[in-house]
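Heads up, there are several structures right after this.
Presented sequentially are two complexes of chain A, the first with chain B as partner and the second with chain C.
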Partner chain A sequence: MASVPSKLYSDDVSLVVVLVDTNPFFWATSSLSFSQFLSHVLAFLNSILLLNQLNQVVVIATGHNSCDYVYDSSSASHHGVENRTIPALYSVLLQKMEEFLIKDEKLGKQESPGMIASSLLSGSLSLALCYIQRLFRTGPLHPQPRILCLQGSSDGPEQYVAIMNSIFSAQRSMVPIDSCYVGAHNSAFLQQASYITGGVYVKPQHLDGLFQYLVTVFATDLHCRSSLQLPRPAGVDFRASCFCHKTTIDMGYVCSVCLSIFCKHHKKCSTCGSVFGQAQADNSAVSDRKRKAPET
Partner chain B sequence: MPQVRIIAKNFMDMVASLPAMKLDRLYHNSFICEAILRSLPPLAKKYVLQMIYMEGPFPAKSLEEWVLADGFSKHKVAIDRLIQLRVFMETTERKKETSYRINPTFQSNLQKHLTSGGVLPREPMPSNITVRLPSLEELDAYALEQWECFLLQLINSSQAEKLTNFSSSMIRVFQRGLLSQRDNKDAPRLTESGFQFLLMDTNAQLWYIIREYISNSEERGVDPADLISFLLELSFHIMGEAYNMNTLNEIQRTAIKDLADLGLIKLQQGRKESWFIPTKLATNLSVSLTDSSTRKQGFVVVETNFRMYAYSTSKLHCEILRLFSRIEYQLPNLIVGAITKESLYTAFENGITAEQIIGFLQQNAHPRVAERIPSVPENVTDQIRLWESDLNRVEMTLAHLYDEFPSRDVFDAACDYAREWGGLLWEDSKKMRLVVKAEIHMQMREFLRGQKQ
Partner chain C sequence: MASEKVTRRVKYKTSVKDPGTPGRLLLSMEKLIFRSNSQNSASKLDMEFRFIKNHKYTKEGSNKAPMLNLTSSQGVSYIFEFESYGDLQVCKEFVGKALSKPGDTPKLKDTLEAPSEQPSTQDLLLRMTLLQENSELQKLHKEFVSNGVLTEDEFWASRKKLLDGVSSRKSKQRVGLKSVMLSEQATFDSRTKRVTYSLTPEVVREIFAEKPAIHRAYLKLVPNKMADKDFWTKLCRALYLQREKNINVLAAEAAEDEELALFLKPDEILACETRHKIRCVDPTLNMEADQGDDYTHLPDHGIVRDGGKEVSESQSEPYRRTLFQDLNRHSAVVLEGTTVDEEHLKDTHSVAEALARSRQADKEADANKERFNRPQLMELEDLQPPKDHPLAALCIKDPRDYFDSQQSSAYKTSRDASIGMEPMKCNLSTQEAYGSLRDSIAEIKASGLMDPIVAPEVAVKVFSVLTHNISSSRYHLGKNPRESILDRLPASIKEELLHHWVSIQELLRHYWSSYPITTSYLYSKVTRLKDAMSKIDAQLQELKESLQSDLRHQVTLLIRPMQQALEAAMQHYDADLQKRSAKSGERPNGYV
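On to the complex of A and B.
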């Protein structure tokens, strides 16, 4: 990515890809209603667009079963909006959002109940990164991209590998992932995402003032970040999920070839196929070597 | 001769220099608030946004707490700018604590913008009335042609009388802008700053012209504030859309004719109504100068043998290149020239510096060579600089000569003293003579007087 910085604008032009969590399972339990949340977010999007003529905003909805682009300020035209009382951004975004929610709900009915009510963060992160990669490859100049995750629902451990891969590819292309977590507990995925990519993780204390949080912290463009003190992570939950049962674990077995993580001892690595030692009979000496941390 | 430098100052500097009352009146227009906000340094933008929903003053201390140590100078610049533009009002409380309060008109306008989204200053005309709107490419071509036509007039001022599609008022404005100075009876001739002007990029040139246009407005009986607000408003129109002339007031209607001459807008006449179409030049008005987004595609290739190929059909480009090179052939889409010692000497005589020429060549490098580093061969840039320094071999400094020192000690002390002040130009220890700069003559005299006693 050596050629990337030279193609940047000299100014503070930025592209913000906002991932909005639309998971109905979460919003049903949240103290902040989805419509209130959305009004904060819309004002925030407006303020990003206000800051610079060339700023660009892309909104991706993260549903329970799917994710999709909902709004793109570069392709949104001022034409063809019949109702002029509502600004183009709102009407386009709300309409697309509604269509998305209906589609997302339909997909959900085909599946069996009893799943963890997480949203498809890995999918929307990949969409965001794809969008940014496409931007890198087109045009003589492009704005500085960053991703903002507005997430409420809890982590889905089954997405661990996909999310970590997205995080690493964001790190490689130097795209910071900011995250604003509005749920009850901290999100380990988002903490790690922001920590690894150099973004900011914030869990607002007062959800009524969400707009102020968004504007004070997340409206800061990458130029300003070098001169401002932004919230630092208090502690990052680095726990991983095992590849076999997708549960979050503190200790586990790691494949010495491909670094896959397992919660139990296996004969063969399910990822790379390496055959592990035959030492599972006596669990004292040999298998300890494969453990991440000794058992206590 | 007084050195007149053209500084392509930002539009906003001009806005900031307006009296406070006028500035506050400008903020009643929400488009101006928006344009002002966009022109601010990034950090200042952030502060405004942060305080947009804050009632009452905000202590400066808590704003500073956010700033990292190396960002402090940027913070200072941002705050100064905000106060200069009267976006922030500084208030000092009893306890000597400074706090800032955001301009209420500005604040409420931006709040409105945030909640209701951007609105257009004018409704574009429905497409059934305006049948033959130009396409965006045509519009760009029109703007460029109009602008180059105008510049060509400046560069080829001997032909100026033949090109009459500019109002005489415009030309007067720019003559005073030191672009072409009339010597008593001679034909108008471009001055040194005129050449500098031509080597600037389009946006900078446009700023310069607009600035002259506005500062001259008072003489034409137009309030500069009105003009500024109209120009800023214009930059929020959508490029390529038609807007009805009836929506303009009298001042704006006269201004718009001048702007059409510059290529900022295109005027069209329908069967009943007439309308104006903003071009790229107009919509870029509120974009700050540092922005490179409007950079044009380059067209010049310079080879290591000092030959220059310019892929351009523009007569203006040819004239600009002629300023510092020898044009050899001119084909329909290609200009071939050579950078020679003679051509450069004429350029230097006209007051163009080597750095400007090199800067121009680098900025306008053809995309094929622009990727290369350096885009202009090093031996060419070095030679241009060398030829320039050839002209400046002798440097004149006012000086005083001291001789007949009573003793070697006094002479050495005098030499050391002059060296300390950085004023020693020449010394001859055998004959005990030295030459010092004129500035330190007085100190030197005092010093020698002290030595004598």
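On to the complex of A and C.
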């Protein structure tokens, strides 16, 4: 297909890239079973496709070790196994997801049991952004893209830098990242992602009504969104992870050159190599002693 | 102890060079009275000692006459020359005693208490009403002032703005003058050929304002030379004559009666003012005044009142008035507005005095203006700095706002207490986990989507939660009192917290404003405040401990900033104390 220099803009279409958390460890502990979750999500995907003929849905599975595209409504061949209980769309998607899970399991290394690692959110965000970039450059129609993260597992502080980079690149290409967090606690990453990109962050209280949440909040196209009152966050957790130990910190040291964040004082910035001067702590101690001397 | 009264023969002088009026000076503890020997003399003095500010006397042995000079608080001096130094000595001592008597007690008090002036009764009334209107204020007042933590003055000193606000609200609009001219107010009864002038205090004020000469004459003549009634009768006659417009009669009458002439003659003061005004006119541009203002020296300026120009001989010339003159003066007075309050409009005499006072004040203001007049003309208005620098009051917000803003963060803290930090425990192995996930997919493949996907009741619930959430976060975040953390607490605890917060604010405001400690008074105040603060701190702790665990967390969050603020104050107190003790310890060794 020849790329068209000037794109057609239509305000009521939407490309929704849905990132589905398939972290088996999370779903094993979740109160909402994965099958229930899937039926809510599948119904939601279907309703998006029904809203407009030009709407497009891409599903990316966010696994524990890897991530991959599992469904693309534009290239779906509809030759999936059509049976009575399930339409072709779903069977294709479910088939691909099953294959993905097998692959993901194989990639996994032996880990210490009892620890739940997070999903590879940074990877699936990058995949989504890449896909969107490709559509920006090809095709006659501006896709009006948005990303919807359906996440349940907790944040992986070790992915902080990668996720923040994805968030900023989404912000730059004006792709809002919506997030629906079905886990127990709020996700700082997703809160920040939605806050920075202008998306919506929702943490459903009634998980059995997930479909209702999805349809009410996330189904409308971006044009309509400007005239809707969508939920706004009461507060955003802006805490960052340090670059050295990948832990979430409230207070820390920031490299004055590259703004890298550290939880401890370092002699040299591990990111840009800048050498820091005399430790501030020493200085203050000296001046403290100096100041106190005449009093004692 | 000397007798309560002293009488001496003196000469009363208004200045040192004045030959003086012989008479008797009667001194009592409260006031001094001077009576002239000659009965008809106007010089009589009756004055209370509290108006006397200062007294001076000539020293014995100097070649001056023995004189005592008393200066009133308005700066007027009264000089009494005694017959001998002995008399002076007696009176001097007496005056000294009388003057020091009322001043003694406050002086002693001042050193102990706040350096403050006694509040006027008006202030006190204002405070009372404020306390009555504001129950919160009343509570604070009761707590701190009654318990001696703060003095009455300290308490109100930080609320000057409140007092000002109320008093400024109270100050009423100044009522302007009527624009009807006086002469039109006279009622003429054609049958009895009688003209009736009704003299209300307003009318009197108008007359005095429009005709300064009459005002001056009144002040000069009325108590001494003629009765109030005679004065006004004469004035009315003058007005009547002017109304009749017979200049010759006017001139004849004026020649007979000098007081009447005073009313009929053109106002000298006015003429003087007009000349003065013209002198002050900026030669470059002033639209307000020009040569036309100087109508007084132009004989044929304008039409003669009530038409019909009359050629008159020079003798009666001064008695002629033009309508324009009257109109001009009247409108000028109306535009200037009233300087005499309605309260003074009691009788003619008080009006005259009030007007005289305001004239005096005006003159002083004018004199000040005169001094700066030239440069001001050169200045451009918009290049000048703002003239008033209003005092910005320390604004500590309503505690409610604070608590509401804390709401969301408190929510967050309670929800995110363990966000992502503790890894969830999972007792499944990797294989089992993946297996169960695959099973779910198989399950959905086999049985299809749930039917219905969402139960209608759940959908309604979600919908209402979402709309409520949206609307509340959109419109009521921090505004709806029912939503705030504070209001989820039991009412008694809420009240207590709010009260503590208000009291802490009050104490802290006083506390920090007393630093740096420069006087022992401030030091004792700070100590008092510190004690009160530690009491509240203990109360907070008690409150916290008395609560059940589920409430305690929330209350702790709310109390923490209060405690931090108190702690900071305490630390500062301790540090300051240490510094002081170190300093005072050094002093004996070092320089004094």
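One rule holds for everything that comes next: the second predicted complex is superposed on the first by the 257 of 296 C-alpha atoms of A that agree within 3 Å, B and C clash if a C-alpha of one lies under 4 Å from a C-alpha of the other, contacts with A are read in each partner's own complex, and residues count from 1 in each chain.
Rule of thumb we're sticking to: a contact is a pair of C-beta atoms (placed from the backbone, for glycine too) under 8 Å apart; a residue touches a chain by one contact, two chains touch by 3 or more.
Values in this document were obtained by computation on a predicted structure and should not be read as measured data.
Trainee: After the match on chain A, would you call chain B and chain C a fit or a clash?
Mentor: In the arrangement built by aligning on chain A, the partners chain C and chain B fit side by side.
Trainee: Which partner chains sit in contact with A:174 here, chain B, chain C, both or neither? Use first/second/both/neither.
Mentor: A:174 contacts neither chain B nor chain C.
Trainee: Could you look at A:164 and tell me whether it touches chain B, chain C, both or neither (first, second, both, neither)?
Mentor: A:164 sits against neither chain B nor chain C.
Trainee: Mind working out whether A:229 is in touch with chain B, chain C, both or neither, as first, second, both or neither?
Mentor: It touches chain B and chain C both.
Trainee: Which partner does A:98 reach: the first (chain B), the second (chain C), both, or neither?
Mentor: After superposing on A, A:98 lies in contact with chain C but is clear of chain B.
Trainee: Contacts for A:27 in the overlay, against chain B (first) and chain C (second): which applies, first, second, both or neither?
Mentor: Once the two structures are laid over each other on A, A:27 reaches chain C alone.
Trainee: Of the two partners chain B and chain C, which one touches more residues belonging to chain A?
Mentor: C
Trainee: Could you say whether A:43 touches chain B, chain C, both of them, or neither, answering first, second, both or neither?
Mentor: A:43 contacts both chain B and chain C.
Trainee: Take the Cα centre of chain A as the vertex and report the angle out to the centres of chain B and chain C, nearest 10 degrees.
Mentor: Spelled out: centre of chain A as vertex, angle of 90 degrees.
Trainee: Taking the superposition on A as described, I'd like to know which of chain B and chain C A:196 touches: first, second, both or neither.
Mentor: Neither chain B nor chain C is touched by A:196.
Trainee: Determine, under the contact definition given at the top, whether A:249 touches first (chain B), second (chain C), both, or neither.
Mentor: Once the two structures are laid over each other on A, A:249 reaches no partner at all.
Trainee: A:88 contacts which: chain B (first), chain C (second), both, neither?
Mentor: After superposing on A, A:88 lies in contact with chain B but is clear of chain C.
Trainee: Rounded to whole Å, what minimum CA distance do you find between chain B and chain C in the overlaid structures?
Mentor: Between chain B and chain C, the shortest C-alpha distance works out to 6 Å.
Trainee: Please report the chain A residues shared by its interface with chain B and its interface with chain C.
Mentor: Residues common to the chain A contacts of chain C and of chain B are 43, 90, 211-212, 216, 229, listed in rising order.
Trainee: For chain A, which residues are in contact with chain B within the complex?
Mentor: Within the complex, chain A contacts chain B at residues 9-13, 43, 46-47, 49-54, 78, 87-90, 141, 211-212, 215-216, 219-221, 223-224, 226-229.
Trainee: Tell me, which parts of chain A touch chain C in their complex?
Mentor: Chain A residues touching chain C: 22, 24-29, 33-36, 38-40, 42-43, 85-86, 90-91, 94, 97-98, 101-102, 104-105, 108, 110-111, 113-117, 154-155, 157, 184-188, 204-206, 208-213, 216-217, 229-232, 234-235, 237, 248, 295.
Trainee: Help me check something: in the complex, which residues belonging to chain B touch chain A?
Mentor: 34, 37-38, 42-43, 45-46, 49-50, 52-53, 65-68, 70-72, 74-75, 110, 113-120, 238, 286-288, 290-293
Trainee: Which residues of chain C touch chain A in their complex?
Mentor: Going through chain C, the ones touching chain A are 408-409, 411-412, 415-416, 418-421, 423-434, 436-438, 440-450, 453-455, 458-459, 461-463, 465-466, 469-471, 473-474, 477, 578-579, 582.
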